[in-house]
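Shared chain: chain A. Partners: chain B in the first complex, chain C in the second.
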Partner chain A sequence: MSTAYALPKDLSRATVVNTASLIRIVALSLISGAAIASRLFAVINFESIIHEFDPWFNYRATRVLASKGFYEFWNWFDPTAWYPLGRVVGGTIYPGLMATSGVIYNVLHYFNLPVDIRNICVLLAPGFSALTAWATYMFTKELKDESAGLLAAAFIGIVPGYISRSVAGSYDNEAIAIFLLMFTFYLWIKALKAGSAFFGTCAAVFYFYMVAAWGGYAFITNMIPVHAMVLILMGRYSSRLYVAYSSWYAVGTLSSMQVPFVGFQPVRTSEHMAALGVFGLLQIIAFAQLVRSHVSSKQFNNLLFYGVIVLGVGGVGAVVGLTYAGWIAPWTGRFYSLWDTGYAKKYIPIIASVSEHQPTAWPSFFMDLQLLVFLFPAGVVLCFKELRDEHVFVIIYAIVASYFAGVMVRLMLTLTPCVCVASAIALSTLMDTYIDPVQPEADEDETAQSDAGDSVSGSSATGSISGAAPKKAKKLAAAAVAAPPSANPLAELVGAATGGPRMKKGVWGFDTRFTVLLHTFGMLAFFVMHCTYVTSSAYSSPSVVLASTSPDGSPHIIDDFREAYYWLRQNTKEDAVVMSWWDYGYQIAGMADRPTLVDNNTWNNTHIATVGKAMSSSEEVAYPILRAHDVDYVLVIFGGLLGYSGDDINKFLWMIRIAQGVWPEEVQEANYFTPGGEYRVDERASKIMKESLMYKMSYYRFTELYGANPAQDRVRQQTIPKPSPTLDYLDEAFTSENWIVRIYQVKKEDHLGRDIKSANAFEGGKKRKRGRPAVGRRRAMQ
Partner chain B sequence: MPPKAPTRPATRSPITSLLKAYSEQTPDRLKFIDAFLVFLMLSGVAQFLYCILVTNYPFNAFLAGFSSNVGQFVLTASLRSQVNPQNRTEFKDVSPERAFADFALGSIVLHFFVFNFLG
Partner chain C sequence: MKSISSLLLLPLVLAAKPPQERLAELAQKNNGVIPLDATTFELITGPKRTWSASIQLTAMDPRRRCGPCKEFDPSWKTVAEAWSTVPAKHRDTHFFGTLDFDNAQAVFQKLNLATAPVVMIYPATEGPRQLASGKTGPSKYEFSQGFDPLPLAQHLNSHTPVPIPFKAPIDWNKYATIAFGFLAFATFLRYAQPVLQSRFTWGIITVISIVVFTSGFMFNRIRNTPWAGPKGASVAAGFQTQYAQETQMVGMIYGTLAASFAMLIFVTPYTKSSSRQRVQVYIWNAVIIIVYSILVSLFKIKNKAYPFKLFL
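Then we have the complex of A and B:
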């Protein structure tokens, strides 16, 4: 047996094992460092703040937890959200994220490290991404070996698909959820492999943590049963499967019901019925196995077999029947829209209105995963080749998550770990094949080819079954015994180049191996560059401040949001109610600290529709709505001056649609279009559009900015008609520097009891129309 | 879940032979575990009947009690299959002592949640 390149000879096995584990530790710490460091672009470029909309609520809740303690947080009723209604926060959130930060906060303070809770919240996601890398390492180690595990950890440490939801400052549930997902899956695989109730219980406990952390726990709730079911159907039932699944399900389901937001759902809703069904089926099968072990009649076994089928079908029928009878709640809209992709748009516009709920385009797969996209299928195929129980899991995970990621952009996040694992398996198999120094003996020219093929598959198979460290040691020992004396790589290279008698076709020489590996490392280097580039350019911008560049190239920060929110915080009464579209609810509550009508937790569609109706109707119609809800200020986002496209005029159609769903007679989408069916804001805009509160609030005094020039809306690229809209029932209270945030104060009723429009007309010096008033004098007074 | 004997066509001889084989082949330890399993099953059936026939009003209490039964049942059944000498080949990593420790830990965790859920 010859080798392709020189191997050190006098190494003891212990040295090799120790060195390998040292290298693994160093590599894992470097990967953690890279995972943390690549998420800090936003903190370094801007500042350490919370980014998007949802994290502002999490941050606010965490502050309550940190300042008032856990019990106050658990029973927290927030009277400022959903203004007239209030919100029972303890029962409507997943408290895992806040509890985690609270624990970290208290631990650090116990050790006299007085870190501000905001910094803990900002840096939680990078910290947990390092843990995710470690969990992925452990998971992949169970599938192949440590070297594949390291590759997977390196992939998930920097892959943009995961960074996008876990940059510093993105204090969202996904920050810890992906770690919990991977670790729960790792424990499940471990439990299944060993048949250990201990790991099953651990999986259940981490499943509980996952349930407490993220609504996506339903993914685990269905992945594990599907895996178990497929194993049963493949005829791979074993007592280990019974032990692992039963201990996971019994403890996990009961523990998941402790989270108040989940409540009795695990026994009442369709999402959780797969787990229950497989649990029941496993009990039946286990009992059948027990009986089979005592009785050996073939006919009897057949009867049992049919009995199992009948009971399984009966169980499914019972679940279906209970669903129809109303005992088990059918799928919720959010979940159902994953299967019927047209469902949300038709029936629940509020789900369809979120940009993350759109289908994924191909470019975003390449942007988020780059190289991993095309290594991923190869890794899945390699899983098929080996097909142990845990490989079945990865295959199912790959199929299911790929489908979901194709349906919805935000579910790319659950696909990413699987892609990293499968790609790492593929790439590590490739490297195993080409780094493996074993050369075939050059005896006969005819058999060389077939020998080559055999030994490749043989070596890769042995490589992945046994652990890497002992394998490496064995290989080194074998090589040390059999190494040829002239094993200098350079000499080998020269020998290969001159075409010595040993040359065979195939990838045996040092040069060919070197070429393949060079390409591999080149691709990996490009992957690192791509990830860093995408992270820094696309995913590291806090949406609170907008960054732009001046004409001379210097960065320019547009900070209108905080300007306006702090204006609200400092210049309005403590209990002044602010109405805005629901996107900004959390930010107003977090930064301006004022009660809001609606916020990002869209639990009450009618209330949101009320706001949509107020925004989309004329002032006369909107004013009673505003007064009835005690609204003091109305806040709109307007990007027409700056070209900020995510403003309220562009979201206006969703407000109309949501309002139309509740009041189809009063608000009709078609009225806001031109007769030609266009959505315009210039002089061709429809009359109802021009009279809507949103239009007036957005373009109030806008034309004055331009003097005599035509007023150009830079988002819509349309000219706003000259007589600027007038407001009778609202006063402009504040407009930020770049006109992005405009705040209007709602006028109180007129002192003399006139309606405000005529009072304004009177003060404006307009003559009242002569002639008989349209309504009786008494009625007009009211 | 296990009572499935009535669902298949009950020919007498298989059942009697089954019982006979069971009592002859099963070690005493496993019979002891089986007795506990039967007790858990009866207790679960009783609770379920109470829930169906009388009331399910403190639903969390019912769920806690019932899942305590079910959970303990499956954990005990897991222990049974782990210590079963016939399954020695399947559970290479789990010695009977280890299995019992796992069982104890699982039961403690389960009953922590049961008592928490009992309210």
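Then we have the complex of A and C:
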């Protein structure tokens, strides 16, 4: 046996094995460290702060849990959300995330470590990302081996597709959900491999945790049945499958029904019917197998076969019938819109309006996965080559998740683990092949030379006799290598990793190995650089605090949101109702602690549409709506001064659309465009646009800022016409430093019973026209 | 000839009877859709109308080259025809009309319309069918759900006294296609079983669909992105957009790169001669480096701030 490079000879087997396992442990802990560290950019660049929108609600709920205890949290009714409706929080959330933080908080405090609950919330996602890396390692180990597992763990630790949802401060359900997803899948594979009810039940327990933590649990609910179904169709039914699936389904479903928000859904909605159907099918098949093993008659076997088919068809028919009869709810809009991609825009504009529900353009894929995106198909090909039961799982996962990730940016998150696993398999196979020092014996070139020189020697002697012989020669050589216990344990270890010394394949020379490996390491280094860059520049912004650079290049923090929310907290009555678009509901509740009309839990479309209507109507129309809802303050986000593009004017079209869905007569999208069909805010804007409350509140006194110069909106690059809009029913109460947040106070009815417009005119010294009494006056006299 | 004479007679006829009856007559004669010109348009949208009207403003003349007009016209006619089947009591209080650009350019100018087709709905201004909100101005029908008759009928339902008895015709074509497809598939299954049971087939299907999905194909499907930009631009500026052409480029790049890795794993180590193997190793490495550099530079076009580049 020739080797491409020299190996140390005097190593005992135990040394090699021990060193390998030590390296694994060290590598895993380093990977965990890297995973956590790369998520701390947000804390280092800004501060330990909760990010974005939804996390603010989770944080608020966790604070309730930590301070008042679990039962109080469980029965929490929040009267300040969805004013005046209120919200039953305990029954409408996935409590897994808060419960996790609550447990960590209590454990730490039990050991007298007085850690603030905020820091636990901020650092929960990075902590769980280390666990995700470990779960991915375990999962990949089942598919290939430890080295692939380590690669997969390293990939998932730093890949931007996962970091985007798990940086420090991003305290959202996904923070723990991906760990649960991977670990449930690992346990499922393990249960299936061994036919173990123990691992099946473990999978069910973690499935329960997942159900309690994230609405995306439906992905597991459908992935496992689909996997089982495909295995049945491939003719791979086995008692192992039966045991694993039945224990997972029975325990998992019963426990998942304990989550109040889920309740009886597992038996009453279409999303869960696949799991139930496959469960039923497995029972039928298992029964048929059992009967067949006891009965020999061929006719009876035939009868059984058709009996199974009839039962199966009958079961499907029953499910369809129950759906029509209304016992089983059809697919909910959220899931249905994944298949019929035009559905959401047509019927549920709230879902379609969320930016993370948009389809994914290719740069996002590359940004989030970089080189993994093309190693991924190669890894799937390798899965096809092996095609054990667990490889089938990865294949199904790959195809389903890549479809979903293409439909919704947000679901990139579910694709990422699968991409990491498959790419790790591909890359580790590549490295196994080219690190393996063993060189194949029979080289055709040499054989040809030896033929020419007629110098017959050794094993190549048979090779020169016939054309078919070289293969045989290699087999002989392989047998020769395999037979004697190798003197070199390291080579043996590497050989074992590549699936035993099959000498059919192999690489000659040192340069080839070196080229491929250098190249691979180069690409991996590039990947690390890419991940670091993307994480620090794109995914670590808390979006509550914005970063900018001053003209001299020094970093500058824009803190308008907190400035405004704290103004609300300190200067308004505690029960003052604040109206804003739903995006800011959770933040207002979390930071300003004031009641809101609508928030990010978009459960009541009409209520949101009401806010949309108020924002998009003229002051006269909006005022009764505001008063009817006891609104004291209206908050708008305006980016025109600073060039902050995520402001309300850019979201305005969605407000109009959502309002139009409920009041098609009164709010019409087309009225907000110029006759040429453009969405503009300058002097060409339509009259209705200029009179809308949103436009007026955004640009109120905006032109005064510029004096005689034209007032330039820096987001839309348009000039705002002079004079600025005037407000009759609202008073400007607060505008933040960079004008990002503007707060208006709603005026109370006039004390003299005049309508506010004429009262304002009176104050302004304008004479009321004779003969046209104001409307309010006339009403007052009646 | 007949139409000309009837047009000539129109003013006379109009003078004789109350307008609503005349409109009803015209509607009945023309399968529910009143062909309008400037005069009859004034009549149907007159300020003192006890009826409501929905009017399609279109340009059907081939010279106008209005593709959408032609696409929408049949839907309009079917919905109007469905309306003409309701009892006369209700039918004659809502009219369907079609105004062609070439018959009444002045109307288009007056309404400030630069595009066609447009559907305007005029509510009644007097009488029992007056709107509760007191609105008398016309409203526009947005083609937000395409040119299909069903959404049109659903929208108009809120303007007609009784719902339009419109039912989407049963698409026999579609059902026949499905049935035929099913049969063909069943027969295909019978003969193609070995192909379908081969992991090779499934592997190819899977890998191709993965590459297609990860290169942004669904974005094109959902957004109906054009093949290329204006002036043949092949790459859309901006991180969140793309043209269909880009998807194909990127898909090819991913495919090439994945294939190169697969070659290094599956083919190169099994080569029987060391010299050929060496050549292969270098070729595939070079392919990967070059194609990857292209990919990175393409990404740099999309994301201007991206600081890295490879050899290109």
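Just so we're on the same page, the second predicted complex is superposed on the first by the 703 of 782 C-alpha atoms of A that agree within 3 Å, B and C clash if a C-alpha of one lies under 4 Å from a C-alpha of the other, contacts with A are read in each partner's own complex, and residues count from 1 in each chain.
We adopt the following convention: a residue touches a chain if its C-beta (ideal position, glycine included) is under 8 Å from a C-beta of that chain, and two chains touch if they have at least 3 such contacts.
All values reported here derive from a predicted model rather than from experimental measurement.
Ranked by how many residues of chain A each touches, chain B and chain C are led by C. Residue contacts after overlaying the shared chain place A:Ala426 against chain C, while chain B stays out of touching range.
Of the two partner chains, chain C is the only one that A:Gly509 touches; chain B does not reach it.
Contact with chain B, but none with chain C, is seen for A:Thr201 once the two complexes are overlaid on the shared chain. Contact with neither chain B nor chain C is seen for A:Phe521 once the two complexes are overlaid on the shared chain. When the two structures are aligned on the shared chain, A:Tyr71 is found in touch with neither chain B nor chain C.
When the two structures are aligned on the shared chain, A:Phe305 is found in touch with neither chain B nor chain C. Of the residues of chain A, not a single one touches chain B in one of the two structures and chain C in the other.
Of all residues in chain A, those touching chain C in their complex are 341-342, 346, 358-367, 369, 371, 373-378, 380-382, 384-385, 387, 395, 398-399, 402-403, 405-407, 426, 429-430, 433-434, 442-446, 470, 504-509, 511-512, 515-516, 519, 523, 526, 529-530, 533, 537, 664-666, 668-670, 675-676. Chain C meets chain A in the complex at residues 112, 114, 133, 135, 139-140, 142, 144-145, 158, 199, 202-203, 206-207, 209-211, 213-219, 221-223, 239-242, 246-247, 250, 253-255, 257-258, 261-262, 264-266, 268-270, 272-275, 277-278, 281-282, 285, 288-289, 292, 295, 299, 302-303, 305-308, 310. Residues of chain B that touch chain A in their complex: 1-2, 4, 7-9, 14, 17-18, 21-22, 25, 59-60, 63-64, 67, 70-71, 74-75, 77-79, 81-82, 84, 86-87, 90-91, 93-94, 98-99, 101-103, 105-106, 109-110, 113-114, 116-117. Contacts from chain A toward chain B in the complex involve residues 194-198, 200-201, 204-205, 238-240, 242-243, 246-247, 249-251, 253-255, 257-258, 264, 267, 280, 283-284, 286-288, 291, 293-295, 297, 300, 303-304, 306-307, 310-311.
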